[in-house]
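Common to both upcoming complexes is chain A, partnered first by chain B, then by chain C.
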Partner chain A sequence: MVANIIATVPRILVYESKKGVILSMIAALFIGVIFTYFVILFFNKFSGQGFPDILKKYSPKWFYIPVIIYFAVTWFIAGTITLITYVFLFTTFVSLETSLITTSLSFVIIVSFGMLMKSESVLYMLEIVFIILLPIIIFLFIKILTDVNLEWDFVKVAMMNVSTIPSYRSFTAASYLFIGVVNIVIFNSFFKEKLRFGFKQITIISTVGALVLFITYFIPIGFNGFENIEQMNFPWVSTSDSVRMKYGVIERVVFIFIIIFLGISFLSLLVHWHVSLKLFESIVQINRLKWKNKNLIPYLFVILFGVISIYLVSKIDEYQLFRYASNFYNTLPIFYFILFLSLFVAKRRAKV
Partner chain B sequence: MPNTPEMMKDIVEKLNDSEDIMIIPLQLENNQAFVLYLKTVVDGLKLQSIIIKPFFELKSTEYFSSYVQSLPDIVKMKSGEELLLQLTTGYVLIAINDKFYLVDIKMITANSPQPALMEPTIYGPQLALSEAIETNLTMIRHRYLEPSLTIENVVLKDKTHQSIALIYDRKIVKQSVLDAVHKKIKELDNPLIESTGDLQLFLNTTKFSLFPTLILTERPDRITYNLGNGKVVILMDGSPQAIVAPVVFYDFMVSMEDNYHSYWISFFTLILRYVGLLTCILLPAMYVAVTSYTPDIFRLELALSVAGSRLGVPYPSFIEVLFMLLFMEFLIESSIRLPKAISATATTVGGLILGTAATEAALTSNIMIIIVSAVAITSFVIPISEMSFAIRICRYLLLVFTTLFGTVGLMLGFLGIVMFLTNKDSFGEPFLKINWKTSRKEKEV
Partner chain C sequence: MFIWGRKKGIILMVMFIQCLFLLVGCGFKDIDNRIFVIGIGIDPSEKEEGHYKVTLKLAIPVASIKTEKKPSYQYLVHEGENIEEAVRILETHTDKVLEFGHSKIIVVNEALLENNIKDVMDYFVRRGDMQLIAWVGAAKNSAEEVLRAEPKEEEAVSTSVTRFFDNNGTESPYIVSTFLFEFRRNSHSFGIDPVLPLIETNEGGSQLIVNKSLIVQEGRAPYELSSRLTREYNSIANNLGGYSYKVEYEGNNIVLNMGKTKVKYKIITDNKKPVAINMKIEMSGEVIESDKNLLLKNLQKYNKLAEVEVKKHVLEFLTTVQKENIDPVGFGLKYRTMYLNNEATMSKWDEAYPELLFDLQVEVNLKSTGTIE
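Our next item is the complex of A and B:
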């Protein structure tokens, strides 16, 4: 949820700022929470099993192989978008002379090691890094919200556009916030007990979701004005550049912002590519590729992921990134649809 | 001259007629007995008072036979290779009328508890384990008086044939860890194991490992603290350190001092240690990242100071950092072995050269001196030295990664180290993990 600032979500949202963002954000909030509820409900029926295992047990081969391949490719693209966005961001704002390939190579090396870890270790790592970084993020947000240069009049002007018909693009981009729960497809094998998604959890998620959506869209407008906000390429990062910490060791908040979000985007990338690797591994089981009793398939995929992402980093430019990311988010409802369909089929078969 | 029994003559042959084999015939009128032992491992005085004197005081061999059979140190009679082994350990073979008995009359040297030098504390017990396993077991039993404390003896199969004692509290120990330890000890096939330092490396799962997965300790209060939390302790004869398994990262950052102070003091000291750990790893790499890659991260005055202090240094920053860190490593390594007479000279030499002269010759900058001394001091903040050495090596890895990739490299390298630690596990326990209050089901209690 917090990682959406690194993905292209704010850019898409402000691009559609005159075309009915607010209603689509509210709709995305509702539908996101409802989808989360359904996903957890479905996975509670199969506690302790991962999604590939569920599909293999209850559905025929011609069904689950394309589904799992589609899911794995979707996750890979989601991770790659985060990687490319962050590398562009870093190169633009912090160090202009470092080549794109060097920065993305360092990401790829560390994430490759992380992808090959046990899933349990990925969860522990998430916990540790998130807990260390979360107070700093909250402090940053409070600093930005209470800054003198934030004009609430601009925000009010933006809020007046509430009666325009929502657009599909901003709806899918805003619902990207709630997609984190589907990572449960792999991590469900560690949840031996049923997850509780009762009233308390729904309230917490809706409140935090609403707050994050509000901050993602309205704060850049508050700093930069409503008129030409769609021309900015990195609205959020430019916004954080306007804040100064007068008595801090690091004076420009943008540097803290970028370093903290390096951690967050690294976590997001790690989880996405780890899930993608595990999904690929569950299908591709060629027994010939064994060297000293160690299965070489994961290493092959790791190298493949790395090569593809570095190639993409050097070929795509910022405008293409924006278009492709937007198209990718537009295809996400299909993903949800297929997920629910397969879970429904599996539930039916499990009872029978 | 009564004839020595055949078996004893065989044994002397098998032991290659070594200088220290003694066969003592005891004869008084019609009673006779033979005593075979190795002079160098048997306590002569105890032998005299327990075995030889009563022989001459009791009326007949039957009385002597019953006496020997009721000695507290008697063990079951062995044969073949095992018998030779027992003799070299310090057992005495007694032959009375064609019956053989083995009695344990070991000579124990170096059995006084030593002062705790590696892990000193202000409060708490000041005596550490000794080098004889019997004394150590006595010390531990003395402190942990639960009846469920179990001691198992395992004999190693290598050339030293040392005996290891496994200690655990049967009611609280985690069964999976105990089984894993048993399995690992059975699988040991090294030719020579000298002490627990060796043993802990061989019990490790991987051959090329950096971080320790077992902890060595010499303090009995740390041992009993760990026993009370369900861990398994391994002692070895001849070695004053005990191994504790399993271990998590948190155990390396905790000193026994924390149990003897009030809550906020221990909390503050723990936070201090973690900050010291972070400083030790991050500071040299941060210097390289800030001076060579992105100097404008810091506020204006600080950036100018940092950049200005490097005026006149003729080589790039990473060579400067590497040079100073290596010099500091040489200083630390040599100060372990310095004779006391020249230790003062060496400190002066190191301080002078590192401090003043290098700066004045414009070979390093002022800020680098401060960083190096901060790093040198904080690397000893970690209570257990194994982890401290491992962290020293991580520092260089992070430095290399930052040199190659810049500020991104610094943060990502640090995250990579955290990832490596989370992925490690010590006998089934995850190495680095935040300990929330786990539900009862997860703890398997």
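Our next item is the complex of A and C:
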């Protein structure tokens, strides 16, 4: 949920600011929460099993191989979008002279180590980084929200556009916030007990989701005005650059912001690619590719991921990134549909 | 291959360390190869129409603050067709890389504010390494002169011209401070006009004076607010206190010093058409100067007198900007928050604004007569 600020989501939301973003966000919030609820409900039926195992057990080969490949590719793209966005942002704001390739290479190398870790360790790492960074993020948000130069009148003007008909593009972008739950497809094998998802959890998820959506979209408007907000390429970085910490160690909040979100986007990239790798691994098994009892397939995929992403970083420009990312988000409903379909089939067959 | 088998780890390690020597170094420049730009001035070119003259104020690093009496600066000036071209040429005027990340002030010549604001601003906002929290100021005759001024009280490692705005040193209701992002936001938005501080120098450039301001609207000459109107603006828009009013009571001249100010306003509408602005001002303060002895029990009476006086001043400000059809406070913006957005909202406001009535309610609360009665 937090990582979306660094992804292309705010860019798409502000780009659509005159085209009914508010209703789309409300719709995305409802559908996202319902979606989360059902995904967890389904996976609770199969505690301790990952999605590939479930599919392999209960569905024919012609069905599960394309589905898993589709999921893996989707996850790989989701991670790549985060990577490219962050690399662009880093070269625009922090390190203007470093080449794109160097920046992305350093990212990819570190993430590659993370990808090869055990899924369990990935979860632990997620926890540790989150616990370290979350207080700082909350501090930053409070700092930004209480800034005197944040003009709430602009936020209200933006709200006055509530009557516009919602757009599909902003809906899918906003619902991207709730996609994190799908990572359960791999991590479910570590949840031996049933996850509790009752009224309390639903309330927490919907309030946090609403708050994050509100902050993601409205706060950049409060700082940059409503009329020209769609021209901003990095609405959130510009917003954090608009806040001044008078007596802070670093006056410009933007540097703290970028460093913190370096950690967050790294995490998001790591989780996405790790899940993608595990999905690929579950279907590609070539016995000959072994060296001293070690399976070389994950290494192959890691290298492949790195090469593809670096190729993309050097080829793509900002406009293409924006267009492809929003096209990618637009295809996500298909993804949800297939996920539910396969889970439904598995449930019918397993009779649980 | 015997050695390989036993000491594989060590050999690999040595090879890895040897590889490190092949690395060529950092992709970025060290700090001693950079020079910090702390101020940027933009003037219209003197030679050619439509060109810009760019002045950069560079801070020269000092070894230690204690040994250094005066700050030392270097100025780079060049004219170019656009700002980028001038900056590129200026890069060849110094042996170091120009680092824009620390430029805290952008001074723009008044003459450029009429038509070229968006041009000028675009460059600074577009550059990712420029701060959006740099202050923007206007210069009457020449931005270069303002940057070149080196006030006597200036210390090493502190730039006077930015310290006017950062609320660390002087804090005064006569000083308007506007960040770059704020200026950009307000000049692009409907219903609010940006205000810039006017930075002046005395003759010889040994002093900087900031107490006037300019209201900028694209396509027309910026409207200059006098010091007093600037103060009025600050009290309404930014709730800044710290200024004085003079009242007369029974032949006695009393000067009141206002501390806290609280302003609330509401737009009264009739059938979605704005008709009046209802403004409530609360102030508290004390007596600072008087010809004769004052009585504490008379404070209530002084309150009443002060209320009349404040009302007169604020009304003067409001009607002045209304007559000029500019809106620095953002009444129009407020109006836009009241109704669902459509094209008619703004035109309705534009139509009604010149004829709006101002309904002021002032409440002054004098706390004391100072240390003497």
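The rule is short, and it goes like this: the second predicted complex is superposed on the first by the 351 of 352 C-alpha atoms of A that agree within 3 Å, B and C clash if a C-alpha of one lies under 4 Å from a C-alpha of the other, contacts with A are read in each partner's own complex, and residues count from 1 in each chain.
FYI, contacts are C-beta pairs under 8 Å (C-beta built on N, C-alpha and C of every residue); 3 or more make two chains touch, one makes a residue touch a chain.
As the structure is a computational prediction, the values presented were derived from the model and not from experiment.
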item	value
Which superposed partner A:K19 touches (first chain B, second chain C, both, neither)	neither
Chain B versus chain C as contact partner of A:V157, first or second or both or neither	second
Contacts of A:N228 with chain B and chain C, given as first, second, both or neither	second
Which of chain B and chain C A:G263 touches, first, second, both or neither	first
Touching partner for A:T98 - first (chain B), second (chain C), both, neither	both
Residues of chain A that lie at the interface with chain B and also at the interface with chain C	95, 98, 102, 251
Residues of chain B defined as touching chain A within the complex	293-294, 297-300, 302, 401, 404-409, 411-413, 415-416, 418-420, 422-423, 430, 432-434, 439, 441
In the complex, chain A residues that touch chain B	90, 94-95, 98, 102-103, 105-107, 110, 113-114, 117-118, 120-121, 124-125, 127-129, 131, 192-193, 248-251, 255, 259, 262-263, 266
For the chain C and chain A complex, residues of the former touching the latter	27-29, 128-129, 131-133, 166-168, 179, 181-182, 184-186, 188-190, 330, 333-334, 336-337, 339-341
Residues on chain A engaged by chain C in the complex (per definition of touch)	92-93, 95-99, 102, 149, 151, 153-154, 156-157, 159-163, 223-228, 238, 241-244, 246, 251-252
